[in-house]
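As written, the chain order gives the labels A, B, C, D and E, with residue 1 at the start of each chain.
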Amino acid sequence: MTAAPHLTPAPTGPARPLVMEARGLVKRYGHVTAINGADFELRPGEIMAVIGDNGAGKSSLIKALSGAVVPDEGQIFLDGQPISIRSPIEARRHGIETVYQDLAVAPAMTIAENLFLGREILKPGPLARTFRILDKKRMLEEAVRYMQDLQFAIKSMSQPVETLSGGQRQGVAVARSAAFARHVVIMDEPTAALGVRESNMVLDLIRKVRDKGLPVILISHNMPHVFEIADRVHVHRMGRRAALLDPRRISMADTVSVMTGAIKPEELSADVLAH
Amino acid sequence: MTAAPHLTPAPTGPARPLVMEARGLVKRYGHVTAINGADFELRPGEIMAVIGDNGAGKSSLIKALSGAVVPDEGQIFLDGQPISIRSPIEARRHGIETVYQDLAVAPAMTIAENLFLGREILKPGPLARTFRILDKKRMLEEAVRYMQDLQFAIKSMSQPVETLSGGQRQGVAVARSAAFARHVVIMDEPTAALGVRESNMVLDLIRKVRDKGLPVILISHNMPHVFEIADRVHVHRMGRRAALLDPRRISMADTVSVMTGAIKPEELSADVLAH
Amino acid sequence: MTQTPTATPPARRGPQLPSLTTLGPLIALLLACIFFATQSDRFLTSQTLALVLKQISYVGVLAIGQTLVILTAGIDLSCGVIMALGGMVITKLAAEQGLPPVLAVLAGLAITTALGAVNGLLISRLRLPPFIATLGMYGIVFAATQIYSNAQTVSNLPPALNFLGSGFALGSATFSYGSVLMLLLFGVAWFFLTQTAPGRHVYALGNNPEAARLTGILTTRVLIGVYATAGLLYGVAALILVGRVGAGDPNAGQTENLESITAAVLGGTSLFGGRGNVLGTLLGAMIVGVFRVGLTLAGVNSVYQVLVTGILIILAVATDQLSRRKA
Amino acid sequence: MTQTPTATPPARRGPQLPSLTTLGPLIALLLACIFFATQSDRFLTSQTLALVLKQISYVGVLAIGQTLVILTAGIDLSCGVIMALGGMVITKLAAEQGLPPVLAVLAGLAITTALGAVNGLLISRLRLPPFIATLGMYGIVFAATQIYSNAQTVSNLPPALNFLGSGFALGSATFSYGSVLMLLLFGVAWFFLTQTAPGRHVYALGNNPEAARLTGILTTRVLIGVYATAGLLYGVAALILVGRVGAGDPNAGQTENLESITAAVLGGTSLFGGRGNVLGTLLGAMIVGVFRVGLTLAGVNSVYQVLVTGILIILAVATDQLSRRKA
Amino acid sequence: ALAQGQPVIGLITKTDTNPFFVKMKEGAQTEATRLGAKLLTGAGKADGDNAGQVTAIENMVAAGAKTILITPSDSKAIVPAIAKARAAGVMVIALDSPTEPASAVDGLFATNNYQAGVLIGQWAKKAMGGKKAVIATIDLFPGQPVGIARHNGFLAGYGMSGVSAGTAGQVNAGVACAQDSFGDQAKGQTAMENCLQKNPDINLVYTINEPAAAGAYQALKAAGKEKSVLIVSVDGGCAGVRNVEAGVIGATSQQYPLKMAAMGVAAGVNYAKTGKKVSGYTDTGVNLITNKPESGVKSQNGKYGLANCWGK
């Protein structure tokens, strides 16, 4: 087991309070137990990568954290307070924004509309506020700005999302979450369908979000991305957390071995574990 | 421009006939021109990677090659013969199997049913053939075999596909195409949602298909995968082929530069081009 | 560093395994039966069962066709009037033109099948929304029936045409051959939909038409086949209706489109296609039939029957939904 | 190494940009007008326009509500009978209980809105399929109307209630205030659906309910709001109907559910939700109205009117589809 | 296309489907052809569709009809629309059933549905002799005025107390089982089956029309009770009268749609030629048709019925 030299002090220490924590989450679907007593933690300003085999339960875990699914058991804490997130709206009230793996876009609606779905920009003035009249012009302008930040070459923001390519569609979902988060950003495989350049832009975006002080949960199967950007790595296996690793101290190969079960977490030397 | 040393003779030479060729394909959607005079060629037994930015028109190109979309202009040749593939059924009759980026699965149907959709295993006997009675038992067994080959840990093949994780769903689509191809296999980002282990299994699968003598068209954003497996690399840019590269002679960084337009194809030295 | 975890009460929401789709309607049917049994001591008898089966026989057969159509994400508003036209063709040819009953029946079935196929063509080739295509067809076939029959009922049928209206005694109840035929057709439809390749293609087409097309299913052919088969079934329903009524009735079938859709949806078939079960449709048709007989036996006044049926339909499906959430 | 490429003929198939959704219905409407103008020289007059607008006024308003509902991937079978009950409440209170017309109208609107909200509750909270919830409601409200009115028409209305039936002359034609109100409501609905946040949420909900939920749209609230607003519109339709007929009619509204759905679907709204346009619904309603007036002016016998209307509906939408494929 | 100068007469029936109205249209067409008039026809979509009839009136006025014949679906609700048509100089004649008030139209050529019910009620009372009647009524559809008039007329004729021509709503007191049939044979059969299951002792069946009667008979036959149960009906269509002859129906009240229509068309042509309108009520009559006459109830036999029946 090779450990990378300890280059910098860990940016987060055990003394700092956790932004988000989950304990003993369980979610069953009929016979399938998608989350099987999972724990999770997230420190302020960190990028926490969640990795694991297909079907390990990563998406289920973050769905529980973002209110998309209500766990059968377990408890979630936000800033140390126990909370129950029983719907996506509640998660949004807490400032949690999520990119879902299946994107959650309305295909017949335009890119601009999808970007601002549920948080439309309204025209100024009391009348416009009362009737919630859209400021379509500003929404279009902002949409152009967001998508240009990610360097997507999309002709028109008033194109329906269903006419976009797979990667462009993912770009829309990513731009949306980054634009509106106030507390935590959760991204479920945000670069899966993206090209090399676009992926790099999204990684940059994630760094920028972190630099604003918001912690990011990043699910990814792309190990180079994970090792490039993550502060800590949560390895998910069979519905629960198998290990919490420090990517600066463990090699990619070992990480994959833990993920696939070739190395048991107990066999790891303590210094590659994150704390 | 660094070129990798020429290790082995190119497995395919210009003398061998092309399995598939396309010339001057055009497909317009309203103002958007998704395919803009694209050429394409595929030699027997080769793995041809197609790479390009998001929205470059890769998926549109392979949709035209697989009959999912009928191009507005241009001509397609199969084994040197001009053909017109006006529907997916015709493509299938020609032995072309495709994994589409958006997977094309029926979510409410089971994994086994999706694997065999359109080519169900029927019970033996003339009566069963006439009424096309399904051999559900055999279909289940075969499904288990296919999915185990890919090392997916899926409990039951009679689970509806909508209950699968994103990666598991992609696994179903990949297994389907590999199992039934007789002439050409086309895969549009088959590993996008897959984990490390599962991706490797799919790459193995692609090699096995190639070793059976079938050529494979692989669209991927994952450069390491492309460089690991491809015989030639078709770089797609703005709706057409920008260059045809030899991955054994060109570096990954240069390839990405060509893809993003940082290097013009004309600027490339002739020896990194594939022929 | 962390608080003591307190367990949240188990909450059951979000997507569930769509298992046991016929369980809900079954529970609703049983509850309805129990309810009516307390309202009338004449309810829990084999006669009631025979009566319900007899009364739903032709709507039941229509509902089989309707279920096939709905599974493809379609809808058929023309089913009832196609049945009516089929009935008129059969009875007029047999009773007025003096054709042998078998030939008259074949002619009737041929016409209803052809009309179904036209629906299928309009929907698959011209890509009309099924609602519009079959609504247009409703008007055309309805008017054609009136014109063809001059709005006159045909009676004095040859005895052969009454066969499906007759039946056999089982205990104290007489089960009609028409209801037996209906049950048989439900069995065949179930077998077709679950055990054969074309049956699964119907589901795939309704579940994800684009995926069905891309996997090489001949979607046009499946659609035309489904609508033509539905047309054939409407012809059989016409035959059952003729046998039951003993006459050719040009005014039949005007409300049966809604009734057959109701049976399918009550039975758990989704109007968005690709999800459902033809046995659920049988249960759905039986629920409506049981309501009708039960409310009459309970002596409920006709306006109040409409009222109570409305309430019961809502309750039945609400039970279904709640039982699913528990499952 | 390669053959000379021969160009394939341009083929236009596969998914297209869903633009100009109202163009198709518009073309169909124009074609119908041209056709009828050749059939009767009385057709192309402002009177005909006034007549068509007057005749579609209440169904048009129902169809606005129906369009809202269909955009959420729902369907409302109870719209017509809710309108009938609203009309009875208004006329009975005003003409028999002697309430001031304004109060009677408010009471009627309150009841129809409440019934709409109940639909919304059943669909969003109990998760009943809209077809079932509103079918049950149909029975309940229909029976309630009969019981409440004792099946008696209310006439001798206070003049204020006839206001929407009266109108103003413009050239040689008299346009009713009811049709002006309808046009106004179409405008408001268009503004709501395209220019306000809640309007876009209606589309999002119908287009991808799960995405709407995940982006934090209060789907339950939107659904209840849509059905309640639809209920309010049914109340307004009742008011227009009362003004037009000059009486409270307990048997009104029994076929208007199909008519309002037809207007929406003819106008290009998808029954699967999330796609459509309320101005298309206006065109759809006008197409039906033009057929009816035009066929009468052309002297077509009533049974043949049904036949021809069926054919024309199919032709209208087929034109629409073909024009889209060309586009 | 309409020829110039030809009198245009509109006929609006309740529906297109009821054979009664289909015959009425035929009668009108024959007379119109004979007198050289142009006949426009229209109908509601279903029984009770008042709005559809209002629309038809407007369209016929727009099409230039100078006389409109209408069988009102709703006797009161149609009145304002008729008033508008009359204000535009159109003569409006009600056929089959009156408007309320009767003065809303220029004239009425009609039969009395309540009276038709009374006749079969009286006859049934006599025909039952001293036997205690257990009555099932196979009705039209909730809230239909014709259905209510015939039903209540039957009960009044049978001697039920508290029922009169002015009674609002359908009276079900003293009825063992009341079911709706929509005037449809299949639904009539279903209704009768359910009534028999509810009360097997039913021995007198009133039906809204003869198709419903045929359906009821079918159900009774299946139960082996066709001999012991008496069916009475209303309409007097040829099929119905033949069923009277065959003993399926005990008695039926015959009405005369052809006559009404022909009289209406003639009046319309006359109005177009002379400008003279009709006025008042012309009863086109009701006759009880039975082959088992009872004393004290005036009736005609099946031969008369067949000679005067409508349909075929």
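Simple rule for what comes next: contacts are C-beta pairs under 8 Å (C-beta built on N, C-alpha and C of every residue); 3 or more make two chains touch, one makes a residue touch a chain.
Keep in mind the model is a prediction, meaning the values are calculated, not measured.
Chemist: Taking mean CA positions as centres, which chain lies farthest from chain B?
Modeler: E
Chemist: Report the chain whose CA-based centre is farthest from the CA-based centre of chain C.
Modeler: If we average the C-alpha coordinates per chain, A ends up farthest from chain C.
Chemist: Determine which of the two chain pairs, D-E or B-C, is joined by the larger number of C-beta pairs in contact.
Modeler: Ranking D-E and B-C by C-beta contacts puts D-E first.
Chemist: Averaging only over C-alpha atoms, locate the centres of chain B and chain C and give their separation in whole Å.
Modeler: 44
Chemist: Starting from the mean Cα coordinates of chain A and chain E, work out the distance between those two points in Å.
Modeler: One centre to the other, that is 73 Å.
Chemist: As a quick test, compute the distance in whole Å between the mean CA positions of chain B and chain D.
Modeler: 48
Chemist: On chain D, where are the residues touching two or more other chains?
Modeler: Within chain D, the residues that touch at least two other chains are 15, 17, 142-143, 146, 303, 306.
Chemist: Which positions in chain A touch two or more other chains at once?
Modeler: 29, 68, 163
Chemist: Which chain E residues touch at least two other chains?
Modeler: 16, 142-143
Chemist: Which of the residues in chain C come into contact with chain B in the complex?
Modeler: 15, 17-18, 195-198, 200-201, 203-204, 207-208, 210-218, 274-275
Chemist: Please name which positions on chain A make contact with chain B in the complex.
Modeler: By the definition above, chain A touches chain B via 29, 31-32, 52-56, 59, 101-102, 152-155, 159, 163-168, 171, 189, 192-199, 221-224, 256, 259-260.
Chemist: Name, in rising order, each residue of chain A that touches chain D in their complex.
Modeler: Against chain D, the touching part of chain A is residues 68, 87-89, 91-92, 98, 100, 103-109, 113, 117-120, 122, 131-134, 136, 160, 162-163, 176.
Chemist: Which residues of chain D touch chain C in their complex?
Modeler: Within the complex, chain D contacts chain C at residues 73, 75, 77, 122, 126-129, 131-133, 135-144, 146-147, 258, 261-262, 265-266, 270-272, 303-304, 306-307, 309-314, 317-318, 321-322.
Chemist: Touching chain D in the complex: which residues of chain E?
Modeler: Against chain D, the touching part of chain E is residues 1-2, 13, 16, 25, 38, 40-43, 45-46, 48-51, 54-56, 58-60, 62-64, 73-77, 79-81, 83, 100, 142-145, 148, 168-170.
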